[in-house]
Amino acid sequence: MDKKIYLDNAATTPTRPAVVEAMLPYFTEFYGNPSSVYELSNVCKKAIVNSRETIAKSLGADAAEIYFTAGGSEADNWALISTCEAYKAKGNHIITSKIEHHAVLHTCEYLEKNGFEVTYVDVDENGLIKLGELEAAIRPTTILISVMFANNEIGTIQPIKEIGEIAKKHDILFHTDAVQAYGQLPINVDEYHIDMLSASGHKLNGPKGIGFLYIRKGVKIGSYIHGGAQERHRRAGTENVPGIVGFGKAVEIAMETMKERTEKEVELRDLLINRIVKEIPYTRLNGHRTKRLPNNANFSFQFIEGESLLIMLDMQGICGSSGSACTSGSLDPSHVLLSIGLPHEIAHGSLRLTLSEDITEEDINYVVDRVKEIVERLRSMSPLYED
Amino acid sequence: MDKKIYLDNAATTPTRPAVVEAMLPYFTEFYGNPSSVYELSNVCKKAIVNSRETIAKSLGADAAEIYFTAGGSEADNWALISTCEAYKAKGNHIITSKIEHHAVLHTCEYLEKNGFEVTYVDVDENGLIKLGELEAAIRPTTILISVMFANNEIGTIQPIKEIGEIAKKHDILFHTDAVQAYGQLPINVDEYHIDMLSASGHKLNGPKGIGFLYIRKGVKIGSYIHGGAQERHRRAGTENVPGIVGFGKAVEIAMETMKERTEKEVELRDLLINRIVKEIPYTRLNGHRTKRLPNNANFSFQFIEGESLLIMLDMQGICGSSGSACTSGSLDPSHVLLSIGLPHEIAHGSLRLTLSEDITEEDINYVVDRVKEIVERLRSMSPLYED
Amino acid sequence: MYSEKVMDHFSNPRNVGEIENASGVGTVGNAKCGDIMRMYLDIDDNGIIQDCKFKTFGCGAAVATSSMATELVKGKTVQEALQVTNKAVMNALDGLPAVKVHCSLLAEEAIHAALWDYAEKNGIQIEGLQKPKSDIHEDEEVVEEY
Amino acid sequence: MYSEKVMDHFSNPRNVGEIENASGVGTVGNAKCGDIMRMYLDIDDNGIIQDCKFKTFGCGAAVATSSMATELVKGKTVQEALQVTNKAVMNALDGLPAVKVHCSLLAEEAIHAALWDYAEKNGIQIEGLQKPKSDIHEDEEVVEEY
């Protein structure tokens, strides 16, 4: 296919050439195990220190508060499960939202099976968490609040600072899944009163299979992967040195380019949103109009189904994704779209397009034109659409 | 430094250039999230299938029984903790050995804190598990036996088939940590009655940060990392596609070259062992003389301490490691060396040299000469050595 | 993910549309995934299916199986059409991924529903045809193949 | 891991060896890591340390701190030698990794032990010197720095 317009940057991103470049020497040249004594390993040790410092700096954190993991899911599991273990003497209740990623929701279900209680706070029609409901859910036994920084499907950015303040006021730990927000939005863990934060390398043009959990000093959670003394005894396993180096490089670039990138993406995102909503009838934008990730657009087209739409877009060289999770083994429509109040059949026909800095205005116009055609075509095939 | 002889292949290995080559396209070209719908992702999906099949074949297993993890430690944690969770109705007792890797031992300690009982079976002076003791330790409540395939420090290969038979006879699940053995020894999960097996990519010239857990069909353990539907719903997290591809390639090469490599390594390992033991007084070989990994040699030199030895070897361009764990944050001497009966101060002066196929006879002779000089020098500085 | 045949029938679906005054119309939905399929049959006096059209709100597999199913029943007798099972449709499409098997059931059921409608309208009974459920629940465990 | 100064003193340790008929000899061990250090002092009639030698069974930091400690006490009075704390030795070596701080304590204690032996042999009391433990237990939590 000639054309390829990748608009699924919320699913994963290409690794930047400069990131791959930075990683390469650590495969074949500086391959030492960082725990070893010899010089070869010191190079690796230093490379890890550098990445850790770059990341810490990006969050206003201390290097000793950054713990590398295999990705966002592990970081989420760790934060939730180990907090419950460590603080169970204090209580057995945690609060989260209905629109968290499965890495949080399924971990909560697991915790529920193990004697913990979870309150899933509602969101409004824009996907914003209801702060009053959140605060009202707090019990004397509440040990953790976990709310995502920004949603992966609809892009809505939560009032993290306000949530952090509520947590702090009630002396409850606050974890945020920032897998989508990190690298896209400025984050300061002190300003937002964040105690733990999850992030993943492959969402910001870093490599797959690497992430981190920020753990504020004083938060006494144990290990989730037990074994060797890596990561200050808190996360066992030989360090993924190339992954850590690549992650550090990706963060460095993401922070440097954030401002410029955001400006460009917001402009094109808004062009995309405005044209689609105006030119295609029976269409709604999902997520908050302005409190949304700079690169996220999410639409529901009535009367059609997401997978068909995606395949047809793919045939036109456009990569997008859908709230419809048919293909990932589950047939339920997106829990996020249902939580913001969409009926099943409308949630079913949704399309998420997530931009990158490489997208041009021409791309966006091409995409809108194709989406229009395809939606029309699918509607003409739909038994629900009577024009 | 001119010379570099890397003899720490049990700690980690350089990633083969052919492996890096195989990975590269998956960073920048085929970067799709394998769970997505479009064609870009199908390439990734297929690449994962290929790696999975290569690995399954190498073990006589089914592709659907291989679950990718972030490394050996995660695989060990998963096997132990999730088995305990899934089978706790049957019992709360597990059996392991005293010389397991910390990824198993510390996980056992964690389980003990959570109501499980663990029997740590002794090994003999060669590091071989005592089968009689193992079988005698079985209780009606025993749900799992976990014994490593080969030891990472002293290289001793366990009678895995016999252990598997005992487990089978008593209808107990059998897990083996094969992180050191996989790629070095032929393994067949059916012949050895293995129900679960852990392995790690970076020990066989694959990338760091990728491993797998083999789970026999019918073993009903749940997830350890909860979240997305990846890995047949059993291990959440966006797949580390380049890592999986690299791991597959590394396994392919390791299996093809195993026979030849083993022959070469055994010959040079024996040259190393024979010269060191003969030419340096007050020296012992640790581990079984023949039932040992083809690339492993482990010595204790009386009156000297390991770290000093390692640094001096490094100055001569030789990378090795020591049972002494001073540098990894713990000051206790190796639990493995103590378990085979070494007194503290002798365990302290140990040296592990682990070969690769790139090592030559000339290298070995150079290494022996340097070790001789350095041991002599350190002894002359030692208050324990009165010549 | 999909075979070439599936992709072909998906991108160029045969027999999309409606039949006015059709001999039988059947609509079925899958409660689990929310997808819906409607089949129109034009059956002549000899009980031969002269034409068949469909409308589908569903995934790629749903569109492709609808399309293939219409092709398979055209020209067949009512009795023959009953043999067009979801397996037959899948085979004709060179298979479907395990998670997509239920989509092909939708096609089978839609044909049955249209035949049922035809039988009711004409006050006849078709041997072997049971009243189709309007919702397809599938209880088999879905296991992905690798 | 180690500073250049540590590496220098490790690779070329000063004052390795024994002093025959030393004025004072002290041996201390760290029960935790199993390492052992022995210091020999040659002290003249004015209480000036004329010579100092050591033998060490220990890690790189232990060797380097032994070596640096001997350098620091040589030529000093007994009272001055008491000021050669582990901190002073570490500073002179441009620091040590956190896990290696205890090794420098070994050096401090070994000097104290040798001074104690000297005092006992000569029936004198050295102000500020306490009977050294032969084993150093360190209870501080060891936290690695990144």
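Each chain gets a letter, A, B, C and D, in the order it is written, and its residues are counted from 1.
In this section, contacts are C-beta pairs under 8 Å (C-beta built on N, C-alpha and C of every residue); 3 or more make two chains touch, one makes a residue touch a chain.
In UniProt terms, the chains line up like this: C, D = Nitrogen fixation protein NifU.
Only a predicted model underlies this, so the values are computations on that prediction, with no experimental measurement involved.
Colleague: Counting C-beta pairs in contact, does B-D beat B-C or the other way around?
Modeller: The greater number of contacts lies at B-D.
Colleague: Measure off the straight-line distance from the CA centroid of chain A to the CA centroid of chain C, and report it in whole Å.
Modeller: Averaging C-alpha atoms per chain gives centres 39 Å apart.
Colleague: Can you compute the centre-to-centre distance for chain B and chain C, using the mean CA position of each chain? Integer Å is fine.
Modeller: So the centre of chain B lies 54 Å away from the centre of chain C.
Colleague: What's the distance between the Cα centroids of chain A and chain D, rounded to whole Å?
Modeller: 54
Colleague: In chain D, which residues are in touch with two or more of the other chains?
Modeller: 1, 144
Colleague: Residue numbers in chain B touching 2 or more other chains?
Modeller: Chain B, residues with two or more chain partners: 37, 307, 311, 327, 329.
Colleague: How is the touch graph of the chains shaped: line, ring, star, complete or other?
Modeller: Chain contacts: none of line, ring, star or complete; other.
Colleague: If you go through all the chains, which pairs of them touch?
Modeller: By the stated definition, chains touch in these pairs: A-B, A-C, A-D, B-C, B-D.
Colleague: Residue numbers of chain A touching chain C in their complex, please.
Modeller: 303-308, 311-312, 315, 324, 326-327, 329, 331-333, 344-345, 348, 380-384
Colleague: Can you check the complex and tell me which residues of chain D touch chain A?
Modeller: 1, 143-146
Colleague: Report the residues of chain B in contact with chain C in the complex, numbered from low to high.
Modeller: 37, 42, 45, 48-49, 52, 63-64, 232
Colleague: Under the definition above, what is the set of chain C residues touching chain A in their complex?
Modeller: The contact residues of chain C facing chain A are 1-2, 7, 10-11, 13, 16, 27, 30, 32-38, 55-60, 62-63, 99, 102, 142, 144.
Colleague: Chain B touches which residues of chain A in the complex?
Modeller: 1, 4, 6, 8, 11-17, 19-20, 24, 27-29, 31-33, 35-40, 69-74, 76-77, 101-104, 106-107, 109-110, 200, 202, 207-210, 223-229, 233, 236-243, 307, 310-311, 313-314, 319-322, 327-330
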